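Two complexes come next, and they have one chain in common, subunit A, joined by subunit B in the first and subunit C in the second.
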Partner chain A sequence: MITRLEGADKVTGRARYAADVRLPGLLHAHIVRSPYPHARIRHIDASRAERLPGVHAVLSSANSPSIPWHDASSLFDRTVRYIGDEVAAVAADSDELAADAARLIDVQYEALAFDLVGEAREPKAEARGDVARGLREADVVLEATYRTQTALHNALEPHGCTALWHGDQLTVYESTQGIFAVRDEVAEKLGLAAQNVRIITEHMGGGFGAKQIAWKHTVIAALLAQRTGRPVQLALDRASENLAAGNRNATEQRLRLGAKRDGTLSAIDARIRVEAGAYSVGGEDSDVIGTYLTLYRCANVRAEQRSLRTNAGPAVAFRAPGYAEGNFALESAIDELAARLGIDALELRLRNYATRDQREDKPYTAPESLRRCITRVAAACEWRHQRPGLGFAAHDWAAGGGWPPAEAEVEFAHGAARVIVGVQDVGTGSRTALAQLAAAELGIGVERVQVELGDTQPGLYGPTSAGSATLATLGPVVQEAARLAKKSGHARAQRGENPKGKSIRTCGAQAVELAVDRDTGEVTVKRVIAAHDCGRIVNPLLQSSQVIGGITQALGYALSEKRIVDARLGDVLNANLEEYKLPTVADIPEIVNASESMPDAEANATGVKGCGEPPIIPTAAAIANAIYSATGVRIRELPITREKLIR
Partner chain B sequence: MPGAPFAIEGAMTPLRVNGEHVELDVEPRRTLLDALRADLGLTGAKKACDMGNCGACTVLLDGEAVYSCLVLAVDCVARAVTTIEGLGEGGKLHRLQEAFIAADAFQCGFCTPGQLMALAALFERVARPSDAQIMRALSGNLCRCGAYQHILRAARMARDR
Partner chain C sequence: MRAFEYTTPSTIQQAVSALGADSRALAGGTDLLTLMKAHIAAPERLVNVKMLLPRGIEARPEGLEIGALTTLAEIEQHPVIAAGYSALAQAAALAASPQIRNLATIGGNLLQRPRCWYYRNARIDCWLKGGADCPAREGENRNHAILGGGPCYAVHPSDLAAALLAFDAALWVHGRGGERAIELADFFALPAPERRTETVLSPDELVLKLRLPPHPEETRSGYLKAMDRKAWAFALAGVACVLRLSGRKIAHARIVLSGVAPIPWRARAAERELQGAMASPDRFAAAAAAAVQEAVPLRHNGYKLPLTKALVRQALTALTDPACK
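For the complex of A and B:
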């Protein structure tokens, strides 16, 4: 069993995160945020803060460059659009002093009307066939509306960085999923050449999508460091993390599914509203319609989503964006449809799963892997239709196959290798899996491979850790560079194209066994059984960590997590880890990982695909289906709380 | 804290951290967590919520697991503080640390020092803790990567070794 290369660093406290950087003269920064959901800033007086001993700089719209930011706004905009919007920032000798100074900045606001509902914008829509006909010709039509909540990422490491300048060279230790994305964006915002910005992410404490873009704090820290001539550390506090660092968009999904008596799906109609928050930050448009267009074979499909702009914190990608939300609705609805048809819920899925990508009109590289996942889970849970408390869901995920561009360099001498790549290990184990692929190609032990990553300096491009794509993107490149280096001692390789005419996806299935206390509404999840197609499994231990991690997060999404916004004030009432209910160690069931290695030789030369996002996708629907099986009560809104069950 | 030694503002605060005596010049309001991280450069304990909700800052104070973000540095005078940096002995990993690596009891690793210190306090007190005791010891430590199942496995491995 090969364990994580950085294991010893992580269990001893040696692993260095963005806010662990210690430098002589380090200043600590704090951001002042809007207390209003919508307001115009009339006046900012920072003089009291500036006079406080130990305060080195205050930045606000009054004294800093107007740098264009989201939509038509700017870095410190004079109009604030949600509670938590950035207004000013302070750098001081200590964290406590920076917070003191932030409180001394006098900001006069003119409150404006705000909107927490939002108006639907132009839809993103895709269609094929004739939905009206498909519904007319159906023997059974299911019509239902499902809702999902706004969920908060709450990575334990808040967003943050340490920024320092050497002349006109900026170095930032950043907690990010995309060192190159941050480099390019920071360079653009500050008017620097990309090669004058270096981003380093040695370790990062979780991102789950919320750290795949460059946020304002990085540019703020860089500006404060520039102004003071000192290194500046800026880590968000937990409240800011919950207000202003992204969220999984809430959805309302109105569905109509039509089916023939034999279970053939004749129509899928999905009309979806998505709450996007105050800004388009990039990566916020989760593809909720995606799974409606691809999971099941159906000739007549119409799926549209409209996003709603509100005066609340902006949405951003969250592990399987769109698919976690869409799957809850679609896979709940398929279960409801199965009950109406009198067909076993699992059998209905086996009759309808797609073997080709209907969106792209191409066959999948692994067309039968979903069937294998479904049957493996069925066998592991001894699936029996209508066994009380047993629920099932299948899923697909549009990504996981990786894509160009990406580069890798391998040096090989005296039976040892050095692998250099430009990605970051966000905790998934990229370091270890890439080392294993190189070691296998070179015919050496993994302990003889050193992987260098998380630094833009070597100039080897690596993609953002998103779309469960890191291993499938970089794996083939590292393998190829290792193959070449075995002969020459030193080689670089580039990521090749994916196969033309085929579509790569990942998919899987889960079953949930649970019990519901009929008096209290308490749901006790006993067991979750999962099988996911992630191609060849390079490291079974690390792959199982992804599976149990995704399912554990999904338990929170299904049962306890929800951002609560006060409708009259626009304030988030649970912007902390006490009242925003994450799963704890006492909440987890037994999780059985029944995944098998299924090398996808057509996808790429290593046969690997991603496994980061898929495990979070089908759990919520499987739980809702299991609750229906246990109680006869169908809950169509997440999270499934005791209150909803009792009512 | 009746009867306990206390620090006077402006005076140095003497602490015993990982067996070493240190003198700190800290404000009375400085938390033990900030003192460890900012004044002593011991960054293993993490600041994740700064209000006692997550456990990422867990250290041992006289052998007991505490949230160091809820303890003032000046209240630790003459008390023994053990951080993750002081967990192993003589350069060797603690059996819990070895088990965490073997069971892959972490992903991002940010909560790991806190999880380990919470368990270390238990293992210090009870040589062979029950599953229920392990669960209780970990119940104040969040892991957003969701590694709990592997954390529990690691704790049992360390116990049963």
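For the complex of A and C:
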């Protein structure tokens, strides 16, 4: 078993994260945030803060460049649109001093009317066939509305960075899923050439999508560092993290499913509303309609989603964005439909799963992998229809196959190799898996491979870690560069195109065993069984970590996590780890990873696909289905807290 | 955070004279420091009592004495408490997290402020912080009080207080006039316009120790708690129950609810249903109903009625199970 190459550094505290950077003269920054859900800034007086000994700079709209940002707003906009919106920033000798100084900045606001419901904007819609006819011709039509909550990422490591200048060269140690994305965005915002900005991400304590874009804090730190001539560190605290660093959008999904007596799906109609928050931050456009268009074979589908702009923290990608939300509704509905049809819930899925990508009209590279996942889970949980407390769900995921562009460089001498790539290891173990692929190609032990990543300086482009695509994108490139370097001692390679005419996706299935006490409403999850198709499994330990982590996050999504906003105040009441209820160790049941290695030779030369996002997708529906099986009560709204089940 | 003076007195008298409206005693700090960091409390002076007050558990003929500095972990793990005061041991074990239980003291536990998310949010004005109104009354109140609510609807956060009250505990406090004893039942008092706190302790008084009166060996007790997850959460509802049976007859009953009222809530009507009655499912159901008969649910916390009733029934059933000791 090969363990993480950086594991020892992490458990001994040697691993350096963005906020662990210590530099001579380092200043600490704190952001002043709007206490109003919608307001116009009348006046900012920072003189009291500026006079505080140890305070080195204050930035606000009063004294900093108006850099265009989200939509039509700017870095420090004079209109604030949610509680937590950036108003000003302070750099001081210590974190505490910066926070104290921030409180001394006197901001006069003119409160404006705010809207937490939002008006639906133009829909994003896709359709095929004739849904009206499909519903007319159905023997059974299920009509139901499902709702999912706003969920907060709560990565262990908050967003943060350390910025320093050498002349006109900016270096930023950043906690990001995309060093090149941050480099390009920061360069653009500051009017610099991209090569004048260097982004370094040595280690990360999770991002889950919320770190796949560049946020304001990086540019704020860079501006403060420029103004003071000193390095500046800006790390968000947990409250800021939970107010202003993204969330999984809440949804309302109105569904109609039509089926023939034999279970054939004749129509899927999904009308979805998505709460997007105050801004389009980029990367927030979660594809809730995606799974309706692809998971099941159906000739007549109409799926549309409209996003709603509200005066609340903006949404951003969150592990399998759109699919976790869509899957809860679709896979709950499929279960309901199976009950109406009197067909085993698992059998109904086996009769209808798609073997080709109906959105792209192409066959999948691994058309039967979903069947294999379903049957493996069924075997592992000894699936029996209507066994009380047992629930099931299948899923697909649009990505996982990787794509160009990406580059890698390999040096090979004296039986040892150096691999250089421009991706970051967001905590999933990319470093280790890439070392394994290089070692295998070079015929050396993994301990003889040194992987250098998380730095834009070498100029080897790597993509943002998103879409569960890092290993499938970089793996083939590293393998190819290693193959060439074995002959020449030094080689570079580029990511090739994916096969034309085929579609690469990932998929899987999960079953949940649980018990419900109807007197107290308490749900106790006993076991989760999972099988996910991620192509060839390079490192079983790392793949299991993704399965366990994804399911753990999904347990919270299904049962306890919800951002709570007071309707009259527009304020988040639980922007903390006390009242935002993440699962604890005591909440996590036995998790059986029944995934098997299924090399997808058509996808790429390594046969690898990703597994970062899939494990979070089907759990919530499997839990809702298990609760129905245990109690006969169908819950169509997340999270399933006890008041929904208490008798 | 507001700058403050920090003083370490060497006697209790000195400590008491250093206390006052703008001073706070600091022991475990698990509540006070979070209040200060959140800008909810801003004392001018902290009086370090960590070395000053009694710590430890002593079984005496007049009862069990628990020093104010005794940690929740020490209470949870003490053999005498585990053997004879199960409800207290269970309440301690179900409180917070092991890290917090290692630091938090029983004195501070009784004095901790509510976890109400309006109270704890410095941006929000609320009655308990001196404001005009309670935003929870018409707001997000699924965690809030169904009993004793108004003008404040926050619930008391302590698990142990319910168990201590069920054991008829008394407190010794030290003020400028010296020591005084006070029944725990009188120590907690619903917040009122002239006293927006949950206890009658004066700002210049210190809790020294607790005493639980001796009880016959056949006493049984337990604490049940419903949370939003399996650990590390405050009670949505909880029940501490102390019973003595004579055969199947209930000779003594105490039912105290947590998580449902601004102070630990003794369910006297439920106790009356049990006192002198034969243990039976019907009787337990009657006691459960009586426990919440005066409850007035808010918009989002109606589930606490069936939940509290279920916990009362489950606690009584478990304690009167012939197989249970």
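Note that the second predicted complex is superposed on the first by the 646 of 647 C-alpha atoms of A that agree within 3 Å, B and C clash if a C-alpha of one lies under 4 Å from a C-alpha of the other, contacts with A are read in each partner's own complex, and residues count from 1 in each chain.
FYI, contacts are C-beta pairs under 8 Å (C-beta built on N, C-alpha and C of every residue); 3 or more make two chains touch, one makes a residue touch a chain.
Quantities reported herein were computed from a predicted structural model and do not represent experimental measurements.
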Have a look at where A:Glu137 lands relative to subunit B and subunit C in the superposition and call it first, second, both or neither.
neither
Which of the two partners, first being subunit B and second being subunit C, lies in contact with A:Ala586: first, second, both, or neither?
both
With the two complexes superposed on chain A, say which partner A:Arg647 touches: subunit B (first), subunit C (second), both, or neither.
second
Where does A:Glu368 make contact in the superposed view: on subunit B (first), on subunit C (second), on both, or on neither?
neither
Is A:Asp262 touching the first partner subunit B, the second partner subunit C, both, or neither of them?
neither
With both structures placed on chain A, which of the two partners, subunit B or subunit C, ends up touching more residues of subunit A?
B
Check the residue A:Ala19 against both partner chains and state whether it touches subunit B (first), subunit C (second), both, or neither.
first
Name the contact category of A:Ile564: first (subunit B only), second (subunit C only), both, or neither.
second
One more residue to check, A:Asp100. First (subunit B), second (subunit C), both or neither?
second
Let me test your reading of the model: by the given contact rule, A:Glu578 touches which partner, first (subunit B), second (subunit C), both or neither?
both
Residue overlap on subunit A between the subunit B contact set and the subunit C contact set?
96, 578, 583-586
Can you name the residues of subunit C that touch subunit A in the complex?
1, 39, 115, 117-118, 121, 123-124, 135, 138-140, 142, 226, 228-233, 236, 300, 302-303, 306-307, 310-311, 313-314
Applying the document's contact rule, which stretches of subunit B touch subunit A when the two form their complex?
27, 29-30, 34, 37-38, 41-51, 53-54, 56, 83-85, 87-88, 93, 97, 100-102, 104, 106-113, 116, 135, 138-139, 141-152
For the complex, give me every residue of subunit A touching subunit C.
35, 83, 96, 99-100, 103, 517, 519-522, 524, 559-560, 564, 566-569, 571, 573-574, 578-579, 581, 583-587, 641-643, 646-647
Using the touch rule from the top, collect the residues of subunit A that touch subunit B in their complex.
1, 3-4, 6-17, 19-20, 22, 94-96, 153-158, 203-206, 208, 235, 237-238, 426-429, 541-542, 544-546, 548-553, 576-578, 582-586, 588, 590-591
